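You will see subunit A twice below: alongside subunit B first, and alongside subunit C after that.
Then we have the complex of A and B:
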């Protein structure tokens, strides 16, 4: 008897609480920037593609839904010739973002990806690439890598000394 | 054998080895960089540190480099010793102070010995806060990419390039932490074995440049065991594929053949399989017009040309597989089958087969172990490059005996080199022009092919007076014959090399005579033929192109052969013009396909499995790795389709490669072993096929850009699957398509696949020698 009254009181009290349910889709929930939603490819501060096609996201992907092919441009920069994510397979685990050595691949708090046609869930590079830096501003992989590319010669990266002269005889 | 104690446990070990090799062989994960099983130890990298104890009572011991410690009875060491571990970790940490943050854009990543060793040694956090030294790179030609920042100064590259391969244009410059490995100025690397730097270098300083155009990780490559199609030696290779395209060739270890190294032609010569100029549609030419037809239409059309009553002749090919040649022979019949060799090549091949009945044939390993060599007429660097590399090792054998006398172990590379200095064992070259082996030759004799043969016979007479004498020798020639005969007689394991490149049967006969005249049990002969399956096609039929020219045929079928290379243009033109229908089956356009009425697109060695027979009569199977895009198919399948269309064979008689081989061995009992060369398509590893793709292969569900994946293709010809489904490894060495073991992602994982490091593969080396051989037991030559 007592428990019945207690339950009724609990329900009654909730009439005066703030609503937790929101009127989606008219109203949107706030998702944290770290939320694991739609995957994007970002660009470095200079506007170049961050992805260097190293294949680490593809290999770590537990459902193997990322396929890409690296290529090299005339400046020696590597980029993905194609980059394809099959979102009908993706489980949004975020391991690709963990594995990415250049902060190129990032998960975003966008979850509205439903499609009437399943083939539309296959995203190509032009669908994935954004024009900004995403969650990690300021990082430029080629500024820390030893590779020389157009506009950045050997010895010009962070923490590098100028190239040695092998014909130098000084001790 | 010696008993040694490692971390308190005793093991049996070979006393002629060093401790590093022994530890690796026993399954310990001991990191190393500068040691290489084919090049021995130099103790340069300080990575393989272990603690050695004097005796049971010694608890302090001392840190030593395992690669410089000879195994001896009672040796006590500790690999797990905390100080030794700390030392190894420290060494990697030093190496990493200057190593660039490049792995993501480095082609070595994922198969990098430095990555493996860093993980193995336990270094993970960078403490060094100062600047990294940098280097400028050099242009080293179209094959090798140079990225000097990644160097860890192990000296393996120069030890291979200069000491092992005899190169002169790669060296080490400068001092202290500025040490630089490169050429004195930019330029193409001259040595024909420069491609091995890719596998020898433990990091990404030297990488495969053609591969770099479309970089692919090792784990993403689908691979299969293959045989190099570029010369008659039949070196074993691993061919890699990704996204339906051929990507690269790697060395596949074979103890008796290529060992650890390939030549550049083998490594970089296969890009043609991706060529835009490949014929990919059946074509029909009539009245100057060319039309592309589909598979069914062209086979039906051609069936009328090969019906009974028409005279059909078939011209085989020394570069097509045994199965393809046999299929052609079945279609046209024994009498109308010509082996597609030039008249000379056919005669020489016949001669070689008869010589092989009574002499010991040298494998590449035998060649490397011989102690006196006479090369009669061949320019080996061009006709059989890997043999030239083997001879570079052979000339070390005589001076190596001095090192043995001084009790210097053969793995002690620097000490051995100090003993050898610049001395070479006897290598006599008799040729028509200068060769790239001249720098190590004891003597060179330049003469015309006929004179070379006379000298050969004269040497045979010197060695054995029963052999016929040669009249009218000049005094110079006689003296030369005496000198060569003397050196061959003195040797324990003499080797005579000749071949078909000069088109002289007499030369090969002379080489056979010399070998016969040599009294040593270990006297061997190595005879070089022109192409990958020259001996094989010669075993299937002995009529050459010259006999074909004399035939009056209605239809000529030319299998994977540009016959303009086999005779004079005039005769070939006359033959092709006189026929009503010329059918060619080939993968690239050539002068013959341009004259054909019908050309059928054939699969290349990467797209079809097949068996071939190398210069020593060793039958080996090469497996398909790239899927042929319809209507491209294996030559034997085209020939089968024609036979079925013309009602010469029942539908379903030849469905798989096994069916063709079964017919072949029934018809040629002497070749019965061909079907045992590699596991057949029914073979299973623990009831599964062997996977071409690796377990780590990525992108499975995104490659096809569809959400409904079709059933993966199946391979009726081999016990291999095209996907990662199946067994990742096989117990059959003929199917070995990848070297990997836990913690060892680089090619150095090979150590785990050998019975003893540098020895035969576990489970025996693949391939079957068709001619009887006596094996001699001797350790690998460093």
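Then we have the complex of A and C:
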């Protein structure tokens, strides 16, 4: 009996509490920088595409919403010929971001991507590519990888010593 | 203005007000429940979200009004009309203010109790005519709950009747000019309140519809406006029980400074608020616990109340 009266009083006091409702279109919830929302493709500090078309994201994607085709330019840099994400299938699990060896594919704290037509949810490479570096500023895959591309030979990458000749006896 | 015309006008006005208040209760309840749960509730359509009532009405009028082929059709259609009719008819004897009363029956209180007894038929018949097991279970629970709580709902009011010396609701209000009956009849008030909750089958006592066990209980097969009638009937019932509490225990329209009708409305509003607070705060008891509370605690208490009140009145005369 007493507990009933106490619960009545408690609920009555809640009338005057601050409401936790966020009135969405006018005020927006704060999403953390690590929130898993709309997927983007980021670029090098130099402006080149980070994506090397390795297919790891497409392979790891549990709903198979990523499709891409790798190509190679005259310098030997690999890039995706097309890169397509079907956001009507995407479950925003973030596995593609984990799998990406070059930090190219990243999830952003943006959730406002509603469309009236389902086909509009299929994003092409032009829609996905951003001009910035996303969450990993300063990272340039080809600058740290040992691969030789046009304008950068083996041994010229950061923290890389020049290649040695295994047939040479000199230390 | 002839008295007949005046009577008809008052009756129509009361009917209009009650139906509108029942509709308004949808909004009030949703907003208040939301505030008590630290939410905001419907606030988009119209000022303060008031147009949500209109939206609800449009929705409920345009929904498919389906009568199940396996049901007992005549009774099925009749059942929701009964609860609306009986609860609205009960308002005929409620004195809102001096002169604002449809009919001044000298057995007003008995009339109200009789009407609420007839109202039970609505739910029992609805549960039976739906011809499905959850509806039947809801109807059975309702009949048992209502019959047992009806018993001491009447008994709890006998103290008031004995002290006022009349069944006439207007005279009961008049005899509370000096002291509200809630002070000498506090036990009766508490018992009446619990019985009123059970009568209106509002949330702490909504075993007949119990969403988590019976889906919707007796109105599981109803749709469209027939369901709406049950809905409105429930809200009108809440207003009825609240106004009965005001009339019988809280001095009706009596109060200083403000006009009588305003006092009545204020007290009525407080009780409507209390009903919603109960819904927000209390869990639904188990069905057998609720019945045990009725028969083993409240019935003896109300009998004791009648006995002690009678003894004191006898000793004073």
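By definition in this document, the second predicted complex is superposed on the first by the 161 of 171 C-alpha atoms of A that agree within 3 Å, B and C clash if a C-alpha of one lies under 4 Å from a C-alpha of the other, contacts with A are read in each partner's own complex, and residues count from 1 in each chain.
What we mean here is this: a residue touches a chain if its C-beta (ideal position, glycine included) is under 8 Å from a C-beta of that chain, and two chains touch if they have at least 3 such contacts.
Please read these numbers as outputs of a predicted model, since none were measured by experiment.
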Exercise. Give one of first, second, both or neither to describe whether A:11 is in contact with subunit B, with subunit C, with both, or with none.
Key: second
Quiz item: Looking at the overlay, what does A:32 touch: subunit B (first), subunit C (second), both, or neither?
Solution: neither
Exercise. For A:121, select first, second, both or neither according to whether it touches subunit B, subunit C, the two together, or no partner.
Key: first
Exercise. With the two complexes superposed on chain A, say which partner A:102 touches: subunit B (first), subunit C (second), both, or neither.
Key: first
Quiz item: Taking the superposition as given, does A:3 touch the first partner, subunit B, the second, subunit C, both, or neither?
Solution: neither
Quiz item: Touching subunit B and also subunit C: which subunit A residues?
Solution: none
Self-check item: subunit A partner contacts - residues on subunit C that touch it in the complex
Solution: 32, 35-40, 277-278, 280-282
Quiz item: Which bits of subunit A are touching subunit B when the two form their complex?
Solution: 52-56, 58-59, 61, 63-72, 78, 81, 84-86, 88-89, 101-102, 118-119, 121-122, 124, 141, 144-148, 154-155, 159-169, 171
Quiz item: subunit A touches which residues of subunit B in the complex?
Solution: 100-105, 109-110, 130-137, 147, 149-150, 173-176, 178, 180, 182, 212-217, 219-220, 242-243, 696-703, 705-707
Quiz prompt | Footprint of subunit C on subunit A - complex, ascending | solution = 4, 7-8, 10-12, 14-15, 17-21, 23
